[in-house]
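The next part holds the structures, each set out as structure tokens.
One chain, chain A, appears in both complexes that follow, with chain B as partner in the first and chain C in the second.
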Partner chain A sequence: MFHSRLRAAALLAGMLGAMVLAQAPARAAPAPNPEADRLAFQAYFRKNYPAVKNSDWGNGPYALNAGMRKQWEAIMQFPPYEFALAAGEKEFNRKFANGRSYADCFPNKGIGIRQNYPYFDTKTGEVVTLGIAINRCRVANGEKPLGYKKGLLAAIETYMAHTSRGKPFDIKVPNDPRALAAYEAGKKFFYSRRGQLNFSCASCHVQKAGHRLRGDILAPALGIMAAFPIYRSKWGEMGTIQWRFVGCNKQVRSVPFKPQSKIYRDLEYFLSYMSNGVPITGPGARP
Partner chain B sequence: MSSAAVRRGTLALTVAMMLAPAMAAAATKTDAEAAIAAARKAEAAAGVLQNQWLPTEAALKMAAKALAAGKYDAAVATAKRAHALAELSIQQAREQDKLWHNEVVR
Partner chain C sequence: MSSTIRVRAVASGGTTVVQALINHPMDSGFVKNSKGKLIPPHYIEVLTFEHAGKKVFTAFWGPAVSKDPYIKFTFKGGAKGDDLKISWVDNLGKHDSLTAKLVG
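Right, the complex of A and B next:
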């Protein structure tokens, strides 16, 4: 079983997972084609989980497991992200010392735009996540940058996601070699086996989506960014996508990267693009 | 990682662990420092490939602690384990550089 495999000796886990691969010769690298990738990716999930509605992919494990869904519906009567939502809204509307505010930094004054992040900034040549955009706004207005895992930044994101609920992901990969390279780097990271346990993100969130791992049901990779930020009972607070990446790297015994490092931004870019068309459900709540 | 590589890695690890106590009996401070330096170098190479493993880091820390405590035999043994793990992670990164294409949903 998957559960015991993860707990078994690390090398054994590696061998089990890799035997199939060892026989297949590596495929040649095709030219990047994000839209073809996205269509194949979504077709895979829709074919394997035909009962899941489009609006439900952003509900992570709850989309695939009726038992967990019941618990979740009970929790959502008093959503645990309410405090962060209120704090985030207050901060969002606060005036900086120079009289400006967050609204001045974003399209549509920052309301209902979460589905457009991350985007590729053709000026700087890099991926800009919502977290990066929030800190850029602060720094440009003389405020200190915030930490990227939790706290006030997660609260602001909570508010911004909340104003965007129901809006489908609409990520763009411009036809710019730098944007395509960032997309490919994220894609490669997602599919590469890592850590002493030799798992890729796809090993768990594609090949084993909906299966149980310890107490958890594995969320499907389609829509996996849509609920963030999330209140996670295990964290006891709101956390960002980037914090979750750190945790998922560590559990395969891989040294994690810094939140908002280039590779994590590229990863978020790839995963968000794969979810184009799936509506934002965040802020979310998880066990 | 291919199963052949894992087997090779397992072998390297086993050999390292078998040799370690025999050599450690006579380990000096210089031996310990050299073993740690070599392991750190391999771990830095894994870092360039963006593929370090947590157990390697843990073993490196333990080795440094043993060195500081004057336990040179333990320092050498643990550094060699760290070194073997770092080599495995390098091998994994090199192989995944090509093999990741096989996992892509298409």
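Right, the complex of A and C next:
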């Protein structure tokens, strides 16, 4: 009798195993559906923070915390990014040695286009961020490429974002398997736990958006891209989202990737797509 | 556009609230650059605000003041349209000034 019970248990386990196996292929390959993801993503935030207007999501933590908002409004009487904005405008309008300028590299002369970046380049099969586009423009015109975290590149982005304020994010994922793969890679990165602290991006910026992390208020992932580049008081200067990615990864004690590495570009692509419809508020100011 | 000074002065009810932001590195002389060399001291020493030709505020700054410093103060008097002259001199003898109008 004891043996027959064992045999029955083994049989049952075998059946369960077979069932799991039968279901596995369907789970392994869900067809990527960026638009469905975006609607679910935005519905989550709108359901949990019903008081926040669409135009306010680009103001990050200030949309969720009245005290921080007051401090920010005081700071914004003298926006700390003003000097970078002036420097960026000057550089943007400067003529290269060959007589061309940044305006010649971008659609609409580079004015009011920040909401379309990053985009997927179907010719080269990769995600092109605004930073990459600026440096390609420089190299094509015989100038040296700039660093991707701060300085002049951040200043140029500051100016380009400023001319695009109020325009809603309009990121497109073309129906190209490479574009969908880039989107999926960014999404996977966003939801994957990493580092010694075992946090994913979503742990803080989705699950705990608006909550405190020590003295700070965590920014919601929805609209987080709209404010970049930002003057971050901790940095004491303007910086790009790529710099912030490096910082975030270090804070969860994982080894960061290089700014504008493929995975960070895919992540920026995914995050920007999730914010489609949220107006650009950049350049921003953050603690 | 290229001024290093940003100012906003609001006159109301016999007093004027002045806020200003100055673009300056304010290097203390104690910080090293990425190559390990000391960055030479470079900071604002005197900052003055003049209302209608009369000094209303003088600040003696030094290496302990932050980069791109911000200042806010109030003085008695001032009316909409008055001139407010802001000027600074740093330890290298560089200087800048700006004249702004008070707003109501």
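Here is the rule we use: the second predicted complex is superposed on the first by the 258 of 287 C-alpha atoms of A that agree within 3 Å, B and C clash if a C-alpha of one lies under 4 Å from a C-alpha of the other, contacts with A are read in each partner's own complex, and residues count from 1 in each chain.
Criterion: contacts are C-beta pairs under 8 Å (C-beta built on N, C-alpha and C of every residue); 3 or more make two chains touch, one makes a residue touch a chain.
On a predicted model such as this, the values are computed, not experimentally measured, just so you know.
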(request) See if chain A has more residues touched by chain B or by chain C, and give me that chain. (result) B
(message) Contacts for A:206 in the overlay, against chain B (first) and chain C (second): which applies, first, second, both or neither?
(response) first
(request) Could you look at A:263 and tell me whether it touches chain B, chain C, both or neither (first, second, both, neither)? (result) first
(request) Kindly classify A:77 by the partners it touches after superposition: chain B alone (first), chain C alone (second), both, or neither? (result) second
(message) Going by the contact rule set out at the top, does A:196 touch chain B (first), chain C (second), both, or neither?
(response) first
(message) After the superposition on A, what does A:187 contact: first (chain B), second (chain C), both or neither?
(response) first
(request) Check whether A:86 is in contact with chain B, with chain C, with both or with neither, and answer first, second, both or neither. (result) second
(request) Under the touch definition given earlier, write down the residues of chain C that touch chain A in their complex. (result) 1-2, 6, 8, 19, 21, 23, 66-68, 70
(request) Would you pull the chain A residues touching chain C in the complex into a rising list? (result) 77-78, 80, 82-83, 86, 90, 236
(request) Using the touch definition up top, name the residues of chain B that touch chain A in the complex. (result) 1-4, 6-7, 9-10, 50-55, 57, 85, 88-89, 92, 96, 98-106
(request) Over in the complex, which chain A residues touch chain B? Could you list them? (result) 10-11, 14-15, 18-19, 21-22, 24, 26-29, 37, 40-41, 44, 187-188, 191-196, 198, 200, 202-203, 206, 250, 253-255, 257, 263
